[in-house]
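In the two assemblies presented below, chain A is common to both, partnered first by chain B and then by chain C.
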Partner chain A sequence: MGALAFNSHLIPGFTVIGIVLGGVYALAAVGLVLIYRVSGVLNFAHGAVAMFATFTAYEVSTVKGAPGWMGALVAIAVGAALGFAIEWLTIRPLHGRPPLVKVVVTIGWLLVLQTAAGLIWGATAYHQPVHLVSRDGFHLPGANVTVGYDQLTTVIVALVFALAVAALLRYTTLGNAMRAVADNPDTARLWGISVNRVTAASWMVGSAMAAVAGVLITPLIAFDTFSLTVVVIYAFTAALIGRLSSLPMTVLGGFLLGLAQTYPRVFSSLSGTADLVTFALVLLTLGVLFRPGGRKVRVV
Partner chain B sequence: MGSSSVRERIAIVFMTLSVVATLVLGGALAAQLGHPKDRVVQIGAAAASSPDGGVSAGDQAAASDTSGSASSTDAGAGGGEAAGAGGPAAVSGSSGGGGGAAGPATGAASAPGAKSAAGTAGKTTATTRAPSGPAAKGGAAAAPAPATGAVGDKGADSPDEGVTSDFITVGGIFDETGPVDATVERDTVRAYFNQVNAAGGVKGRKLRLLDCDSAFDPSRAHQCSQRLLSQKILSIVGWTSPSGEEPETKFLTGQGVPTIGGLSVPAQFSSPLAYPTMASLELHGTAMGHHAKDLGVQAPGVIIVNVNFIAPLQNAMLKALAEEGIKPVDVEQVDITKADYSDIIVKMRAAGAKSILAGLDPFSYARMFQAMERQNFKVPVLGFGLDKKSANEAYGNFIDGAESLIPFKEAFDPALANDPDVAEYFGAVQRYYPNQAKALDVYSEAQWVAAKVFVEALKRIPGQITRQSLVTALNTLKNFQPGLIPSVTYGPGNHDPNHCFQWIRNEKSAWKTYATNKCF
Partner chain C sequence: MTARMRRISLLVVAVVAVVWPALLSDFSRSLATDGLIFGLIVLSLVLLTGFVGQISFCQYSFAAVGAFTVGSLVSAHHWSFWLAMPLGVFGAALVGALVGIPALRLSGLFLTILTVAVALFFDRFVLASGTWNSFSGGLSSWVVGRPAFLGIRLDTSYRFYLFVLGVFSLCSLLVWNFRRGKTGRVLRAIRDAEVAASTLGINLTAWKLAAFATSAALAGLAGALLAVSIGSVSTGGYDLIHSLGVAAVATVMGVNSVASAAAGGLFLVFGPEILRHLGVSSQWFNLITGGLLIVQLIVTPDGMVTDTQQKIRHLLRHRAAKRASETPAEIDLVSANGQTAGAPAPAARPVRTGGQR
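Right after this comes the complex of A and B.
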């Protein structure tokens, strides 16, 4: 099998591949963290929102023949609308209920959106994704690997999203309101902040980001009603590395996860090795981050 | 605050339910409108695609001429009084789609109980009546060929084994959701059943396939087995459950249920009640290894998907390669959900691979070819199951020149377009499931043959149709020619009917056969 045959020449190339893969996880995780930061809800429907919105882009662009950017815009609108609908219809009425109840509601949305997408577009893997960015790329001679422009875009957008959300939270009135709501909704209400509107805004922005992530990621993976949800499971891991609060750490967590999934292939040909190493690394990371008395990671 | 808050919450809950219901029902409606042919046979489609692995009834009989209205009754109560359009639990309207004459959808779809009956997995017992009610006219207009087998040949019912006076019910476990899409195999079996039903059925009965979604999950596959058993099936026909077939073949045959078709996993070659139609995966590995020599393959890198039945294929391939003096430079296992193959390709290049031998599912091949193209790693590729047109569209340019092997006729070969076997196969799927025609592949061919084998065996049963008499009839099949393969022969003991392959090559998006009957 060639298991445990180490080839150090592979490291540069695999580093690039791992970072690119990590960019996918990071991009999927940023919106997740934003929603959690403001509303305290771990949104298990995040991947399903991304998937459903991406299918609307598919409908507009691939099926109807509209330009890709138009499909992406529709996806963003649908993502934002879904985020608002989830918050307004099902999260807001549960104000004051335990977080677990809200998590269960998001799982319900996941199932509804997956089933609905399967019924509308077919639960098959035959759909052609919307290609916003060319799959052509450039060769990195030192790493002996080619990076696609679409992959590069994913990494850049993940970084930009993280910085943009950090800036939003830090420098804008809405961001200040979001942080106030995140810290203490009751106190924020006393300061005249409309907690409901701010929370709804966070769901809309986070879900719109999910839509962007979905449109950019689907050409890199299988485009069906299932695969994006799997990606978001890894995104949860990246978000956990960022303690579900720090956006820079979340992006870093995404890259770390991508590398953890890629490096094991250097010395092992077995398919389970990457998951084994990833799992061990994540446990180690979380143990360090959440150890009793550990230094608190700065929240952006 | 109290009462207004309560009212507000009631309103919110109501709105939520409304939105969800609208979304689901609207989606179902859109799916129906988008797949007009599918409605002929997809009673309980929502259950079929539901994540809970629901079992739905593919009511193939609805495609025939007689389906004026379909009423739900107990399985053993066939022949009861027709409920008609106003019946209490009418399950579906149906179109007169027999023989391709798509009549308008009519029947009792709006009758009380229609939704619950259609959506109740595990309780679907639709019974087709003689023409009556408003649908009868449309159905009669599409009256097709006479029945296969006279009514006098019917034999007694075996309701506990899926045989009533009106229906012969079989089961199938398919990956309908998840990383592998086996809906085309399900619909291929249904298409053949529809064709048979349109000609009157077998021994005066319509054929019906109950499907269950295993979602690439062995535990759900086992749930499917148990649910199908509880629904009284005669046998398993044409199933495609990559992670479920190996354990469930043992379980189902242990329960006395014959299995026909499938992916030819090892367990299907070690049970007298399993009737595979495709060459074993081990033989695929052997054929690939020896064919590599014919192709002049040197320094291959091997990529194999990690599923629970793949070891014999991998071992056989490596053994055959060794016999031919070919030494792989690298052997990589991959998960079926692996998103990016760049690391594999970069590793293959670093190892000095001059070709790729691959054993993957059609959707993983797409990601492999995409990574090869992205990394500009253009080397000869030999695989099996590469010939799936819908997936080929995602393979990119590097599919050109790829080699594959197939234990059936290559249905996408332009030279075989007028072959009667291929024409029948394509025609049936095109007629009943036009959206699936591009998704046909080697595995759907295996299930098409399985459906034909099943029907032929049914016709040979002299009296009562039971599992035992079905097995006896299957064991009498000698040199039966189902099309797509030269012949099938079964007998007592374990079965291994198919040992031959065709070599095919992709040339400018077309699959062309260049060698036939390469037997091992």
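Right after this comes the complex of A and C.
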């Protein structure tokens, strides 16, 4: 193991980092759960979609020098377009096939997007992050820690988006239709809901959220094609904590994972520790929450 | 008829596999060797996914156990390959069984998440450069020499190729044998109807764990051979993307047939090489694999090799059926089987029941 030393003065700073990371995971996980509930597909390409969309924002903002918000808008558009393309081109023709086949199709998309991004922007090189707001910060009263405005923005954006999806599902016609399709596609069809259109909409909204999460996470991690693609595993972990159904629990799961990944760094400098924690959480949630004969998974 | 055809085609394949590489350049031969080694990993997926219906996206993690065991023991601790290799295979089987334990409780969908998490855990933690430093002074110095087999040094590329070909053939035969007899029936029952299988008294736990362990052992063996073939061990070669790629190739080729293991392995090695020849970056390979995977799942659900095999079989059956309908003796056999004679389609039955298996 690496250097084991307890550095208590690092705790406040790591708390901030953990919460910010958690917000991003929560955002990505909510999109993942939305797609899973409405279309029944575990979207392994979620992280790859986020990565590809984020790199278009990088191209627009960091390389071409456009303002950060413009890059973010481009990323959202690209994310939604990719989500639509995946659903329309490859998930819809597989209607009636086993769910596992659809999952493997998303693995195919993961490989395609990951490789394409590597060919366009370089597979391993370090890339400058996309900055939406200034990197200045303010001093949090009562604790010895500086909170960056970008970090604050990240958490606020993540929470706003999660609430927006909850509101969408609860108060709008489209949201009602999504919930109906999630409950029972055949009954939804009888009610005159266009299942195809609603499913496509859920893929677009979910993938757009992945794109936002991707753009927000760039200043926090080593930003390359692979590290963003594997964010899907962190999103899955958060979603598993919410049993792939409850949105509030998913958001909580995201924050829990963010903090759980960050705190071990107080003790150990080993780089893989975050993934050790993630793996343990995946095992724990799969073992405890998904045991056979357990409570039936709740609807959105 | 088909049995004889199969025997002849197997013989032809065997002769080509032994003779043709002798005429190739050293470089092409070593590529073919690596192709067979990757074929072992595809074979491990044929066993796990095709026969038992369990999915895994962490086969390269199992391979890494084999490769790292051989690499560290042979290079840094001066063990013999013949001691280190079984240990690596055993270690991989053990890890495979450990992964199989949660898999017992999970349906296919959640198993995919678990195996991807396993692959990422190996990738980022177990194989991270910091983790192995204390054991053998870092990876950079790991040089794995070619062992000797029955007193023959496997130092030329052709000898080593023949050795790997032997190993691959043995393993293929082993996996192919799993389809027959009691084992085959049990595995098919588990794959097609788990609950029904358990009511027949089949011990699902033991069989599934054994399947995971055997599959991981095959991948671990591939890892051990890969360490020898390349001559060194590096962390980069066993990551999540490799595991996803090999799963994609196995699916594209078809996980129901042992033949697709060889085809998949050779495709994994010669695909990038052909791209390089065409002046295209070999990075395109994964893009093509992913694209093929998507198209194949929509167009030919069983995989390319399996699909071709079925087409050939269909053709042979069709021809045999034509001939059968001309000879009255075969039609008598049909009526003896309780089929209605006369119609051309049932006339195909005796060939299928008598010839194919």
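Definition applied: the second predicted complex is superposed on the first by the 242 of 300 C-alpha atoms of A that agree within 3 Å, B and C clash if a C-alpha of one lies under 4 Å from a C-alpha of the other, contacts with A are read in each partner's own complex, and residues count from 1 in each chain.
Assume a contact is a pair of C-beta atoms (placed from the backbone, for glycine too) under 8 Å apart; a residue touches a chain by one contact, two chains touch by 3 or more.
Since the model is a prediction, treat every value here as computed from it, not as a measurement.
In the superposition on chain A, A:V230 contacts both chain B and chain C.
Judged by the touch definition given at the top, the superposed model places A:V112 against both chain B and chain C. Contact with neither chain B nor chain C is seen for A:L284 once the two complexes are overlaid on the shared chain. In the superposition on chain A, A:Q128 makes contact with chain B only, not with chain C. Look at A:T90: by the touch rule set out above, it reaches both chain B and chain C.
Looking at the shared chain after the overlay, A:L240 reaches chain C, while chain B stays out of its contact range. In the superposition on chain A, contact of A:T146 is made with chain B only, not with chain C. Annotation: chain A residues 2, 90, 93, 111-112, 114-116, 118-119, 123, 226, 230, 270-272, 275 touch chain B in one complex and chain C in the other. Interface residues of chain B facing chain A in the complex, by the touch rule stated above, are 9, 12-13, 15-16, 19-20, 23-24, 27-28, 30-31, 34-35, 45-46, 49-51, 176-181, 183, 306, 330-335, 337-340, 342-344, 346-347, 349-351, 363, 366-367, 370, 373-376, 390-391, 393-394, 435, 438-439. Listed in rising order, the residues of chain C touching chain A in the complex are 55, 57, 102, 105-106, 108-110, 112-114, 116-118, 120-121, 123-126, 128, 130-131, 240-241, 244-245, 247-248, 251, 281, 283-287, 289-294, 297-298, 301. Taken in their complex, chain A has these residues touching chain C: 2, 42, 44, 90, 93-94, 97, 99-101, 103-105, 107-112, 114-116, 118-119, 123, 226, 230, 233, 236-237, 240, 270-276, 278-279, 282-283, 286-287, 290-292. Chain A meets chain B in the complex at residues 1-2, 7, 9-10, 13-14, 17, 20-21, 24, 85, 89-90, 92-93, 111-112, 114-120, 122-126, 128, 135, 137, 139, 144-146, 148, 220-222, 224-227, 230-231, 262, 265-266, 269-272, 275.
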